[in-house]
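Consider the two complexes below, in which chain A is the common component and chain B and chain C are the respective partners.
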Partner chain A sequence: MSAATNPYPPSRSGWLKNNAGWLALTLLLLALPFLAALLDGQTPANVLASETGNAKFMQGLLIEVFILAIYAISYDLILGVTGLLSFGHAMFFAVGAYATGIALKTMGWGLGQTLLAVIVASIVQALLFALVLPRVKGITFALVTLGLASVFSIVVRSSDLAAYTGADVGLQGVIVPALLNTNTARFRFYVIALLATVLVYLVYRRFVDSPTGRVCIAIRENENRALMLGYNTFTFKLVALLLSSAAAAFAGMLHALHQPIVSPNVASLGYTVAALLMILIGGVGTLSGALFGAAVFRLLEFFLDRWFGEIANSLLGLIYIGLVMFLPYGIVGTWRARSFQIKQGWDRLLRLLHLQHRAP
Partner chain B sequence: MLEVQNIHTFIGQFHILEGVSLTVPAGSIVALLGRNGAGKTTTLKSVLGLTPPRAGKIIFNGQEIQGRRSFDIAALGIGFVPEHRAIFRDLSVAENLRIAERRKGDFARKEAFIFSLFPDLQRLIKLSGANLSGGQQQMLAVARALVPDNKLLLIDEPSEGLAPVIIEQMMEAIRQLSAETTVLLVEQNFIVASRLAQHYVIIEEGRSVQHGLMADLVNDKETIHRYLGAA
Partner chain C sequence: METLRKNRTRLITLAALAFLFVTALQGMESEDWAITVLRGLSVGAVTFLVAAGLSLILGLMDVLNLAHGELFMVGAYVGWTVYVRPDTFIDVLPPLLLLAAGLALMPWQRALLSRLSLSPQVARLWPWAALAAALATLALTLPRFPLAIWNPDAFAQSPGAFALALDQGTLQMPAAAVFTEIAPIAGILGVLLGGALLGAAIVGLGLRRGGGAPTARLPRRPLLWAAALAAAGVAFYAGNDPLTAALFTMNSTARFFLSMAVATGVGFVLGGLIESTLIRPLYDRPIYQIMLTLGLSFIGVELVRAIWGRPEFTMPKAALFNGTGDGCPAVTLSDLLAHQCSTILLFDGRIRTYNEVFIILVGVIVLVAVWLLLQRTRLGMIIRAGVQDAEMVEALGINVRRVFTLVFALGVALAALGGVLAAPSIGLSNDMGTRLLLLALIALAIGGLTSFPGAAAGAVLVGLLQQFIIKYGQIGINLPFLAEPFKPSPPLVPASTVLLMVIILLILPNGLFGRNE
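Up next is the complex of A and B:
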């Protein structure tokens, strides 16, 4: 095959070059706690000793961003890449969080057994979702998954299981092993959460670029066409579900370790909507968009709340409207398409506000 | 190669095919003719199991294939070129071709043949499907069906919406590929169909009403006028 027509040109040699931006961002994030400490008059030793201060607080906030990023990217894999509209994604996250909380607190297991429990739980729930896959499509699949997640949400809130799940209160004070204690070893947890995010992103991108991932994109575009090429599309959707469930459950596990509380809110529809918002902000189907979306989502929420207090939520809504108007494909999607619609964005906004009549 | 025996297909409540029979001899091009809504596309989709027939038999190379799953039918060696240039817009030209591989290396084996039929595609190999013109997309859709070793190609409306010069190119390509593959062709444009196919089958309101040699049909102005509305 000639080089000109090789559809997969060798890229490994240029890997570092192609990913220089990501590498720099990762290193910057690794250095950030120390920079924050220096600005605050602390020493790097203070950071490593998890001493209270801005640096520690900032790490806590960023850990939340990383966890949300893993959660959002796991949603992007099934919705953005494979085209499966699931309204039950919160369950993927909550199962990981509850498995961790129950294993550590109620059962008193060690970290290894807990991780195993989370992995098993994530496989079981992906298979549960896959059970309905061949029977329903599109919006019906969305409603069935919403139903499954609602059942899960009701079960964890039920008072009959209070001994395991804490019912409405959730699991308070999950007993976290010293190795991953975010209070006494915050920088370690920060590094683990950061590297986990990077790892999930790299694995997902490798998957999407693989022949299997390309078939998932083909399924999103038109499942019948993929069938006609001889692909059993169910298998590919199942693989996407398993990968998505694994990452989401892992994010849930980190969440339970970091907080260390598991609230029933993580199983609610609102948490699925959060995932949807994050990938809409970042750009559906772009993978990296989910990471930026999570950062914007969490940091906006935090700073608006800090600066504006009560009206923060209204402002957040306005900002989301603005993002949709000006960045219709999300941050990364719009950047890739190089279609910055400043003018069109204003027109859309003015039309929305009825200040300008629709062009005839 | 392909024998469709009196199939009845429903889409929802609607009885779309009310008895379609046709035979596609190996090595030939058979044109499936009929007016809009007669059931031509549904016939192709019934063969492929996308709209499985409720009654009747479909025999491909001696095996009954009705009721099998679409991807199993495709894997037997039936390629489909759907209407409306059904390529994957989010994948590049190369990826569109690669994804059609049924065995590793299919594309490498067929590359020279495909690019001899459609030299344009070689130039566009890295572009994404969405950036191709209508004619280029249609060529890619046909090329994609050539990647695996398909014994039978079902081609739906290859000339639809294309400029005359592109239609000529497409016809030449179909003529050349038919040297290797049997073709069942749905075509509204009777001139195109009559120049390509050796046999024809006419479908009217979900029933196959007439079949025979294309050479005979070309001179049968009355039949053409009655069923196809063309002069």
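Up next is the complex of A and C:
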């Protein structure tokens, strides 16, 4: 986890210049639906009108990537930055999704009230996790959170609450307000999801760079030392949990609005494992790695399934093992640790191909 | 008095659990509670076999092996193959043994190759050439080895159909397969050569990276190993038909014990291979071990689906546990042994000999054996010391890496044994591993993560709780303020074990038997 020597460069001068790559990526993603539409023979007006086609389909896939990215980055904040190994993160996501679904479908509330309900639910569940926080540490904390999340998963699946949660089928056909309807106004939803991802990333990066975030990193590195220095580590872990829970529940809300189905699968252990895989692919504790990890995870899953069908899962397993072996600290982590060697190897390759005469 | 005060919370928890247990017994008829307790112990025994390996591996190496459930499943499927289709089992042996013979030459090849002085270009390129040659040779020979196998896609040829036929005594072994397209001698030599080339390529790639000082003498032991393995492979090939016939006509009890032994052995070898090739490079990157073992578990499930198919099927019980007719159900021990009854009468209730007696018996035997290994042998002493502080053990001059491999192999072997043991009672399915892994993790957390007696206690507790909730779901609990008896619904079964874990961890963060750290 301590792969990158200093993953968060403190310099804040020339913010735009430092983040030119991110800005370009955001603009590219904004333009992507139109480019895809042009390749497909549609006009930008078709995209804005949400007409079916490749562009619309691709937006749908990317919206899923954005939602997963928010979910993954929220996991990275507690696992990668603060060092809390939680196996109950799916609950953070599922509470947001279920709160949205119940508020919109069963209660018939408006969007504002729903957002409020999601915020309240996210705070309550973070406090619930904080309740066990002082008692258990390390892998025991992981198992207790796993237990809490499985109880939640069993509760939403149980037939006693079918009127609210829909038991095994989940909430089918959540009534989505026209403002955020992904079917009739997909480009609007796409922009909102993209901007939400960017916003969450910026807020998280600011948090990690702030004095509070620095203490969170210190807790990850050595909690006892942070205690000795006079920090009440519980408060800092609670702050990280609250921030993480808020973002994850927000991702869950977007998920419920986008699908618009809330299936009990989002509360299962498999969904926590997905978050774990995403940040492992991207690089633990790097924040930006979670975004790349989510993209790789979702696109890999989608395209492997489309191209190979039945054997996709075993290929996925092989790819994960290959990633662990050859990208030891995830995409971003390995890049930061080895960027010099990678550049050197690139130069050598160019020389080998006689594209470049002499080493610079 | 001092220890009493120190362990106050622990003692109170244990007393509360005992009180709950007695209360639960009071609410039932004697025949009901006897069978429920036995079933709970049986589930606990299988869970214990998985949890024991997990706890040893977690304690010694700090690796949370999430593929353990899938290895349990692989053990079940391998055991099924030996028991129901011994011909396939014998068919698979020769190519595997010949390949292993080629790979066993590796230490010898390393000594030989490190003496050569090659130009850098050649040294860089030849391992890849050897690898390509090895893969080509193996691709030409391995698929052509004769293999009589089932076919999950055709119903009459599916594993389920074979299991059913064996159970009804109408099983006919399919015709033995023979070499197609190539001469047998070419196939045998080809696999041997392919294995040797593969070994050379791996050695070459390793030498290129780190090198190694040339040794004074060529080691002789790898040659002996390779010769023995190759001879065994050829012998199994030559004796294929008589061996198959002998295994097939063998007493089914003996074949069942053989399948248990083979599954355990396969688990041992598999565990050793996984540790030495995949886990070893990751000891300093703990989180990534989780990703690796997760990837392995995906592959395990898909592999089992590809070979044995998706549908669930059963494993027939051996003759020793399947007797019916006069004298059954048995009332006394001598009756049981004389008629090999499938059921026993206990407090007027029928209990099944295999599910509720034999599984518990094996669980207890393994518990005692591993306990003796840990407490009474030198190896056990090293393992216990390693659980406390592996670095210190290494500093004392003990090759702790070899112990790591051994313990990993042992843990996987126990899980595989658990798999083949559970197969006749719960059947074989693709998700049996995942379900059991979760149960074993809960048992481990309750008992204390790295404590061996804790793993046993946690497993028994989880099994008992689960079975009591299931039983009370049928008969209902008379609660004080309710008119109707309360019947726990099926989702409460997994929820109850999880809740027990959460409660116990909140009271005792290190589990019932874990050390305070």
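Just a few scattered comments:
In this text, the second predicted complex is superposed on the first by the 325 of 360 C-alpha atoms of A that agree within 3 Å, B and C clash if a C-alpha of one lies under 4 Å from a C-alpha of the other, contacts with A are read in each partner's own complex, and residues count from 1 in each chain.
One rule holds in what follows: contacts are C-beta pairs under 8 Å (C-beta built on N, C-alpha and C of every residue); 3 or more make two chains touch, one makes a residue touch a chain.
What you see is a predicted model; the values in this text were computed from it and never measured.
Of the two partner chains placed by the overlay, only chain C lies in contact with A:154; chain B stays clear of it. In the superposition on chain A, A:324 contacts chain C only, with no contact to chain B. More chain A residues lie in contact with C than with the other chain of the pair chain B and chain C.
Of the two partner chains placed around the shared chain by superposition, chain B is the only one that A:230 touches, whereas chain C remains out of contact. Applying the stated contact rule after C-alpha superposition, one finds that A:24 touches neither chain B nor chain C. Of the two partner chains placed by superposition, A:120 touches none, neither chain B nor chain C. Once the two complexes are laid over each other on the shared chain, residue contacts for A:135 go to chain C alone; chain B is not touched. Judged by the touch definition given at the top, the superposed model places A:143 against chain C, while chain B stays out of reach.
Counting contacts by the rule stated earlier, residues 1 of chain A appear in both its interface with chain B and its interface with chain C.
Looking at the complex, you find that chain A touches chain B at residues 1, 4-5, 7-8, 211, 214-215, 217-218, 220-222, 224-233. By the touch criterion stated above, chain C contacts chain A in their complex at residues 64, 278, 281-282, 285, 287-288, 290-292, 294-299, 301-303, 306, 438, 441-442, 445, 449, 489, 491, 494-495, 498-499, 501-502, 505-506, 509-511.
By the touch rule above, chain B contacts chain A in their complex via residues 48, 50, 69-71, 74-75, 79-80, 82, 86, 88-92, 94-95, 97-100, 102, 107-108, 111, 115, 122, 125, 144, 148. Residues of chain A that touch chain C in their complex: 1, 132, 135-137, 139-140, 143-144, 146-148, 150-151, 154-155, 157-160, 269, 273, 276-277, 280, 284, 311, 313-314, 316-321, 323-325, 328-329.
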